[in-house]
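Paired with subunit B in one complex and with subunit C in the other, subunit A is shared by the two complexes that follow.
Now for the complex of A and B:
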């Protein structure tokens, strides 16, 4: 599938050695606790709460505008504690989501304006369409679609979903280009 | 259970927007990007003690009367609150919208992404939840009990961790009316 290239201004983004592209308009709290494993795009308006617990985001993942990623908490031996949030590789999170899951696997698609409540577990290869609300402690199995309010099982996904997400996220990363390279190419 | 340790300090992170004339009780925690706004010509906002207000929450007063919010409430990420009064020990979950002139009692819980329409009065221990097919409204004490058991230790944790990572906004409790 061909994706229209998206251009961004080079001054608005920070590129790291691993190929992460992090917008300056995003708010990363507690940077020392946030690990981006490379080639991850973080767009403006995103809030990542590394101050509450560790946040790991895998390779070639994209987090779109105005999404909040915050670790979830639970009462544990009498005291409340926040626990780390792991997001796998090739994950695409669209705009306006609230993610406070315990873990998200690889090859996951999360649509616009979703609410992934506390301590949800999303396994590898699942699809969450727009405007879904997953209640707390939901487990989404592999190769399934969950949608609606509250999120329920809808249908199975084909085996090719893994390959599809791999290609899709890779092409999103590759078509996300700084505007300077465009002017160079033309001249 | 609800008797939390007396924490005097108010925690307000640097990115918050707070209008003049907002009174905030002791022990309240505001996460970054929360906003409490009084529109021009609108009345005061009075916040009680030990509330937790998470990211992107907007508390807006548009009416001319005072907006009073009680103690021990939890406002989760991205909810919008324009109502006239809120009691104690309520849980308002992510992305829910509470419209104008709504009165909320004590111990209510409003589920994620639900909308409370205008001029509703919620009595104590109401649970509201909007699903894709129906609108659920019933009375139950279970959500409040869970909230009560967690809230005080949650506050304690936030009071310990947040000042390590954020620049604090200085807040002086203005008693002028």
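Now for the complex of A and C:
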């Protein structure tokens, strides 16, 4: 089935010149340290802790409702130092997740209610199904599925996952429409 | 031939209900989600995972992402030298320093709660002793023997070998010799034999150089035998590799012997009898000595156990097969299993379909023939009832290529239009050839351009709904129930039999119901509506019919690909199904 268009109230979102759609119901702390690379969707209830360290979110990525993005830290010689958090392009993060990874590659799918603990590294093209808890310092290699509590290697992903995610995230972005177009949008 | 809806292999497709609705049939008849299929340029057909052969390119550790070739991997029993798995929760363990201030506090092991600051492998400091620590369940190796305490956060792997390994080495040697002889002659039969040899080689792993040395060592280390039977994981799917009988490993001597000896009739009868006997349970005298607590907690342990966590689970015992301890306190951490990167070949013509880069940091491929990037992608945009048991489907075809694709819905094919389990069939669809624009609409070919123009002029707006970029939306009408004469006899294996599709043109008023504002609701007979749409596609024009083409038939070597789309649409996805 084609992705059904999702309509949003135009007054509830801030649209930037390069196509980012950020909900007014989201909390972006330390907004100077947060960079959205364009065509990124931030849904309501999302908290991004840019006050702790830099957060970069790539193109055509979506962060769904009530997800918390919080840069991770490490105690080093008694002092706590925070790492910047980089999220790649074509990443889909579903609802209710806690993301404390050190880096998330491109073409990554993270299901509902996942916990990506401190300093995890997710490479390009990986899939984390719903309700997975990745323990601290977990490395998820390319083209793998990690699931369970604690999350561990389950199986390989189809080889065309990159193309699939490109297609999927693009259509998610294109079907996320302001409510005004509802009247003329349907044919 | 009837196509069958097969279960998608990847859990990624299983979790996603949407990816189960539409399946593409492979040439062999099994249908999967498009992402799990490949497309062979040589035979112009789809390959499913049963129609490819896999070869291991290299092994790597999922945690430290270290690349190893097959020889290196097999020396360590297909396990990583550095990384350990928690014996309790199977999380990857981290190396921690014992008592960051005083090295000599080993005698009084600190409790799990007061873990010293963890250090990464990158910063080894001399004079410190490391232990293994689980960041998830707080298990640590402090209570274990010195085997799991290290001077450095890396350690030498011990050599692992076994009786089986030595047996295997012998057969690999023989296979290697044979393969070398055979590569000189390459006809179809020998290719198959080379395949078998290669398959066996990959399955059994390459030869260890330290045979004799290990042979002696092996006498007093029984548990090594278990550790070295570990295989590369996941094992590539290969139809030439035999599957082990349940309860045995493939390389156990008993299993090898069993495969070599032919089974006689009397033996078969005996086995039958044994199977019958096995159904009757032996009655045991509860007081007699014959009662064995085979896998039970000993009375001694039973008194000790205060929490159920203290007894190891089956999973934990399977991972720890050398010890299989009943209590969690004495199970040992295991080395991390390596996983594999595999290249894939077409089983029909041996053409390379997928080959990944050796570098693990890139996701690029040296060769990528995914069906996803070669076959028109289909999405259902709308589905609704237009009368009792008559439904309308709007399909959006996406051309993944840069050049236009020509598609056609054949009215008669060899084989069957109906797939196994179908309860519906298309009855009204476009009978003329049409096309889907390429991604950039590059048509340097004038002849093609003219065909497209003619096709566009003759286009029937009844079926062609919309064109946009590389997308084409078309309409189909189907009905619940199957015409008997369209089902090719199932027991007849003659694939050459031709079946025809009957087209019923519905009245315009009925066919245009979807555009009206008020759509009445209808009952659905079935919970899922299953039907099959057959189409042909090619990069050159399919029919000779359009007025211009006289040369298209001869000059083009391009064949057309027959594609069967197997739909399985839950009735609640229909716009106007009456809810019960």
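By definition in this document, the second predicted complex is superposed on the first by the 180 of 187 C-alpha atoms of A that agree within 3 Å, B and C clash if a C-alpha of one lies under 4 Å from a C-alpha of the other, contacts with A are read in each partner's own complex, and residues count from 1 in each chain.
Convention: contacts are C-beta pairs under 8 Å (C-beta built on N, C-alpha and C of every residue); 3 or more make two chains touch, one makes a residue touch a chain.
Since the structure is predicted, the reported quantities are computational estimates derived from the model, not experimental observations.
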Subunit B versus subunit C as contact partner of A:130, first or second or both or neither: second
Touched partner set for A:63, first subunit B, second subunit C, both or neither: neither
Partner chain(s) touched by A:87 [first = subunit B, second = subunit C, both, neither]: neither
Subunit B versus subunit C as contact partner of A:110, first or second or both or neither: neither
Partner chain(s) touched by A:153 [first = subunit B, second = subunit C, both, neither]: second
First (subunit B), second (subunit C), both or neither touched by A:27: first
Touched partner set for A:139, first subunit B, second subunit C, both or neither: second
Larger contact residue set on subunit A - subunit B or subunit C: C
Subunit B versus subunit C as contact partner of A:42, first or second or both or neither: neither
Touching partner for A:2 - first (subunit B), second (subunit C), both, neither: second
Intersection of the subunit A residues that touch subunit B with those that touch subunit C: 75, 117, 133, 135, 150
Residue ranges of subunit A touching subunit B (in the complex, touch as defined): 27, 29-30, 47, 49, 51-52, 66, 68, 70, 73, 75, 78-82, 98, 100, 113, 115, 117, 131, 133, 135, 148-150
Residue ranges of subunit A touching subunit C (in the complex, touch as defined): 1-2, 75, 106-107, 109, 111, 117, 123-125, 127, 129-130, 133, 135-145, 147, 150, 152-164, 167, 187
Subunit C to subunit A touching residues, read off their complex: 10-13, 15, 18, 21, 35-36, 60, 62-65, 89-92, 94, 117, 134-137, 234, 339, 344, 354, 356, 360-361, 363, 365, 368, 370-373, 377, 379-381, 396, 400, 466, 573
Complex contacts: residues of subunit B adjacent to subunit A: 15, 32-33, 54-56, 77-78, 93-95, 111-113, 130-132, 149-150, 153-154, 156-157, 161-162, 164-166
